[in-house]
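One chain, chain A, appears in both complexes that follow, with chain B as partner in the first and chain C in the second.
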Partner chain A sequence: MRIVSTLASLGLALGLAAPVHAALEVLACEPEWAALVREIAGDRARVASATTPSQDPHRIEARPSLIARARNADLLVCTGAELEAGWLPLLQRESGNARIQPGSAGHFEAADFVELMDKSQRVDRDMGDVHAAGNPHIHLDPDNVARVADALATRLARLDAANAAHYAARNRDFQNRWREAMQGWRVAAAPLKGVPLATHHKDWVYLARWLGMRVETTLEPKPGIEPSAAHLAEVLRRTRERPIRMIVYTNYQSPRPSRWLEEKTGAPAVRLPYTVGATPRATDLITWMDEVVDTLLAALK
Partner chain B sequence: MNTGLEWNILLPAWLAGMLVLASHVPLGRRVLERGIIFIDIAIAQFAGLGVILAHFLGWQGGWRVQAAALLLAAVGALLLHGTERRWPRLQEAIIGVSFVLVASVAILLLAHDAHGGEHLREMLVGQILWTTWDDLPLLALLNGLVLAAWFGGLRKSALGFYLLFALAITASVQVVGVYLVFASLIVPALVAHALRGGRALLAGYLTGAVGYALGLLASARWDLPAGAVIVCVLAVAGFSVAAWRGLVCRRPPPVLD
Partner chain C sequence: MRHKPLIMALALALAAPGAALAATEIDQLRAEFERKLKEVQAGYEARLKDLEGRLARNESTAREAAEGARQAREAAPKSAGGGFNPEISLILQGRYFSADGDGHITGFLPAGHAHGREKGFSVDHTELTLGASIDPYFRGYANFAFVDDEVETEEAWVASTALGNGFTVKAGRYLSGIGYVNEQHPHAWDFADQNLAYSAMLGEHYAQDGLQLKWVAPTPMFLEFGLEAAQGADWGDRNGLGSKAAFVHVGDDVGASHAWRAGLSYLRVKAKGREGHWDDDNDVEAETEFDGTSKFWIADFVWKWAPEGNPKYRNFKFQAEYVRRKEDGDLTCADNTADGGACVVGGITDAYDARQSGWYAQGVYQFHPQWRVGYRYDRLDVGSVDFGPAFAGVLSKPDFTPKRQSLMLDYNPSEFSRLRLQFARDEAEQGLKDNQITLQYIHSLGPHGAHKF
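For the complex of A and B:
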């Protein structure tokens, strides 16, 4: 006990002694969370993202710089829900950094704070079954981003109590701007309501739900695994029964499957930016979603 | 089965396979004859490197990326042609080393800029089921060119073989992927290796055509990934024919022509 309290007071002393600008070191797993940390922490955090906007977050390659960043990180901000299951546990182990190990305050998983879709273990081919925990592409639902922002502000305040007020104020500001932006998207995207579409992977189901669009079918339910002819026959059968208006895929996916369905159905294949930074215009969360909504609306014409 | 046979899906894929086979069966016989089995994978990597270089030059999509892929594949073919002339006995090892070398250079180039990575994957793991009718004319043209040049006399020149090989591989790997390209080259050649001339080609083409057809049907019937199941069916077909011909009885293989 004495050791613990000694360490605690030592930590407190160090914390107090540190200069005001000593920023938290944050390693985000994906660019969308890096962007969110920037919104809420401002200059109180130095943020890096483990993956780039053009990378499939399901898989990345380890580099020394990534392990070095993990070693120094005070906070890891990831999606969770097994999205990073292929590489994050390894990175945490390699880092030897106790602050960011699973279960500690320095390991923030956004999926803990939202309701995941596709959670049921349905044996439906079209839902796929890659992520038993549920669909991890949660940032594609703007309401989720707002929830995660609240949780992130709380977590930052817990890790860096001295700046708690700063984080709370910036979060309030972000929430206001985000709410206003959401209102704008809802109004602008009214023509998208009820529009049927197909997706390459099942990532866009969150946005489709938020906008009231109907996902009729998915081309490649398991990322990286080529589909069977039987699955594609089922896709075609569905699109004949319930014609789709567009096929969406992300900037990091091959356009070939979507173009294939485009040829078969006549509905346009639409490439959407998956996250912040995927296009020159998508510099932060709001401009990114602006671009997504505009691209969908353009495809409708 | 309601979900079973959808010709609109299976037919373009099968035709793409036939176009790939058209050039790969004769080329594969030469590959086997020269004992340079992994040359297709090495050449495909060179083409992939071309795609990455095109990305670094800021070239977007379309024909310029293809031109870069073809150019690098041709450079690789020329290099390997040179090494074969100089060190014929080391050629297989040199091909292996050039494969890992080019693949590693690609990884290094992409280490700090992941943008090209998806293009590379796209290039090397083409999936046969995504073949559309629109893909077929170009594939037919390229493979027709290769065949015409091959039987028009280029097969007599080692350099001609390497260059045609670069063209055929660059075109086919993007449509059907590395595994199927490898199987399409080697399995029919193995089946036909004891035969000569027209009969050898016929045996190769038949094995390939039946393998692709049965593989695609199996993919539809049992809901299996198409490329992987075609490779398996091709291998089983090849092995069956080989067993039937008594090759497993350790008869010394006849001299190749």
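For the complex of A and C:
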């Protein structure tokens, strides 16, 4: 009896010691979703990002540190559309964490809530690293971010019903600020309308569509296949017929092919911040998109 | 062109009785014939047009149907791993191999078996893997290796996904979690062959039928414990024999660019009738059988570097393992006197006690998105090998240190294909300095998912 009461009091003590609002442990696959969780959950979630802006989300290793993080997560917030197919399934399997398994409420995939571009009728590996579900770089369309924010607020409320009102209020606030920011970007980015550009990978199509820019060509011959000399020569020939105004690449892509084309065409090679944290100024989603628009406008001059 | 026979029939019918007809009648007939011909032609053309129209309509409805089906497909819930359930993948591997020796390792009683030692051109195991979630509670996986008329079930297991709290239970045939490279299939190796320490003591890898329990601790640093209870590997007759294994893995990042994992494993296997061979004191190969206990300790360490954690353009991987094996039991050597061997008529059975070890260290550097170069050093210590008194003058411990150096270069046109050239100087067999060349391809078809760290 004594042991039982000791154990009971120990349990009680542990229970009392725990914080009243145990924050949700969230593991975001990419920095943009970590930033979105911070916007909507505030201090009710502890957020970590599995990747940094310097890492290609296609090519991540299921490192032991990531398994340890997945082990303790209540929620995974990822892009989906097979972007993380090379490493996320391993984190889910190796973590022994039932909360974040595919199909459970703890596995949130942003791509489920937006219309994907570049859906292929035929998917074959001879086309390179294409995703059957469509182009996964969805966060580069601000309208998509707004849609995902709504879905994420709903999901957070489902996992943590006690704080549902908190998530809904923060989401409303974010949506208002985001809408206002979008209007600002649309006005500021008016000179970008119709501007032709080349991109390293087929990752900027959503942004180009949103801003009305024209992606004339990609430096990669096929998605995920590094630019070859022969293909670059072909790209150069094409740009002579249809001139481009800039060449865009990201932090985790080699600048060399873009710089080569810059030298040949005179169009500037621009390292565009792919996600939150890619530059010192891009500390959240709004400042990041500010930076994206400003960088593009600067390249136009 | 289909109206040609008709016209001819018509012409014949008109012409046949008309040999004696007057010229005017012929003209009338010709006019009538031409009129009829035009009618027929017009009729055919109309019917053809109608047919064409109907065909086109059918085609467009077919296109619409296909489009509808596609949209329905896209609207359907996405399955993980490339739109198939199960994920099916086929690994095609082949090689050209040039060597003098037969892959013998002096001073070690081999356990298990090795593949891919055929000289010249050969097809390695073609691996077929299937994996999927069975339901919200289990995941299943199987790996079949095909070569010629033989199919081997390399793995076939189910694992829990819903236990939670860091626990996973696996049941079936699986590659044991001991060591580092043991869980890798040959297509994932960084070299064309397995390291010498594994080859000499564990076989290509150690797979067994049984249960595995793993637990990941709720710590910020990766900490994993594993226990296995199984029937033991396929080392001869294993009916009713046991195998137990335990392992612990730790790992973490150091900054954004470095990651590591270290492990310590223990394995205890009972062997019955485990076949091997040993060069006897007359320098003749003697067939052996071992009954007893094998105990292993394995220490492993892996360290990976990629600038800012982006391995696409450049990365480096260092990997090393140390394997220690202690065996005691009875050894039988079969009569090899017919070949001039020392193992007497009827064979000999006596005690066998050995403490042996081996290690390897390797580094692989990817210096370009498509190119990697690697070096591996293997070394074994024959250690102490005590044969019972009955083996005096028959079997004895060689005074020799097996070692090998390997250099490889591989080219990876994409994530799914690899071409490899490997040179090795193999001094694992006493009296042989074997320069080996391997040219290899490893291609994978289908949604072949991620490999572990």
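Methods note: the second predicted complex is superposed on the first by the 259 of 301 C-alpha atoms of A that agree within 3 Å, B and C clash if a C-alpha of one lies under 4 Å from a C-alpha of the other, contacts with A are read in each partner's own complex, and residues count from 1 in each chain.
In the analysis below, a residue touches a chain if its C-beta (ideal position, glycine included) is under 8 Å from a C-beta of that chain, and two chains touch if they have at least 3 such contacts.
The model shown is predicted, which means the values in this text are computed figures rather than measured ones.
Visitor: Contact-wise, after the overlay, does A:229 reach chain B, chain C, both or neither (first, second, both, neither)?
Guide: first
Visitor: Just chain B (first), just chain C (second), both, or neither: which does A:260 touch?
Guide: In the superposition, A:260 touches chain B alone.
Visitor: If we overlay the two complexes on their shared chain A, which of chain B and chain C does A:252 touch? Say first, second, both or neither.
Guide: both
Visitor: Give the label of whichever partner, chain B or chain C, reaches more residues of chain A.
Guide: The larger set of chain A residues in touch belongs to C.
Visitor: Using the superposition on chain A described above, determine whether A:167 touches chain B (first), chain C (second), both, or neither.
Guide: Once the two structures are laid over each other on A, A:167 reaches no partner at all.
Visitor: Regarding the shared-chain residue A:288, is it in contact with chain B (first), chain C (second), both, or neither?
Guide: The answer is neither, since A:288 touches no partner chain.
Visitor: Quick one: classify A:206 as touching chain B (first), chain C (second), both or neither.
Guide: Neither partner.
Visitor: Considering only the touch criterion stated at the top, classify A:33 as touching first (chain B), second (chain C), both, or neither.
Guide: neither
Visitor: I'd like to know which partner A:185 touches here: chain B for first, chain C for second, both or neither.
Guide: Touch partners of A:185: none, neither chain B nor chain C.
Visitor: Using the touch definition from the top, say if A:237 reaches chain B (first), chain C (second), both or neither.
Guide: A:237 contacts chain B only, not chain C.
Visitor: Starting from the residues of chain A touching chain B, keep only those that also touch chain C in the other complex, and list them.
Guide: Residues 51-52, 54-56, 61, 63, 125, 225-226, 252, 254 of chain A touch both chain B and chain C.
Visitor: Quick one: which bits of chain B touch chain A in the complex? Just the residue numbers, please.
Guide: 1-6, 8-10, 13, 107, 111, 113-115, 117-118, 121-122, 126-127, 129-134, 216, 219-228
Visitor: Would you mind writing out the residues of chain A in touch with chain B in their complex?
Guide: Per the stated touch rule, the residues are 51-52, 54-56, 61, 63, 125, 225-234, 236-237, 252-254, 256-257, 259-260, 263-264.
Visitor: Which chain A residues qualify as touching chain C in the complex?
Guide: 51-52, 54-56, 59-65, 67-68, 71-72, 80-82, 85-87, 89-90, 92-99, 101-104, 112, 119, 121, 123, 125, 128-129, 132-133, 224-226, 252, 254
Visitor: Taking the touch rule as given, give the residues of chain C at its contact with chain A in the complex, in rising order.
Guide: Within the complex, chain C contacts chain A at residues 70, 74, 78, 80-83, 133, 136, 139, 159, 161-168, 214-224, 249-253, 256, 259-261, 304, 308-313, 369-370, 414-416, 445, 447, 449-450, 452-453.
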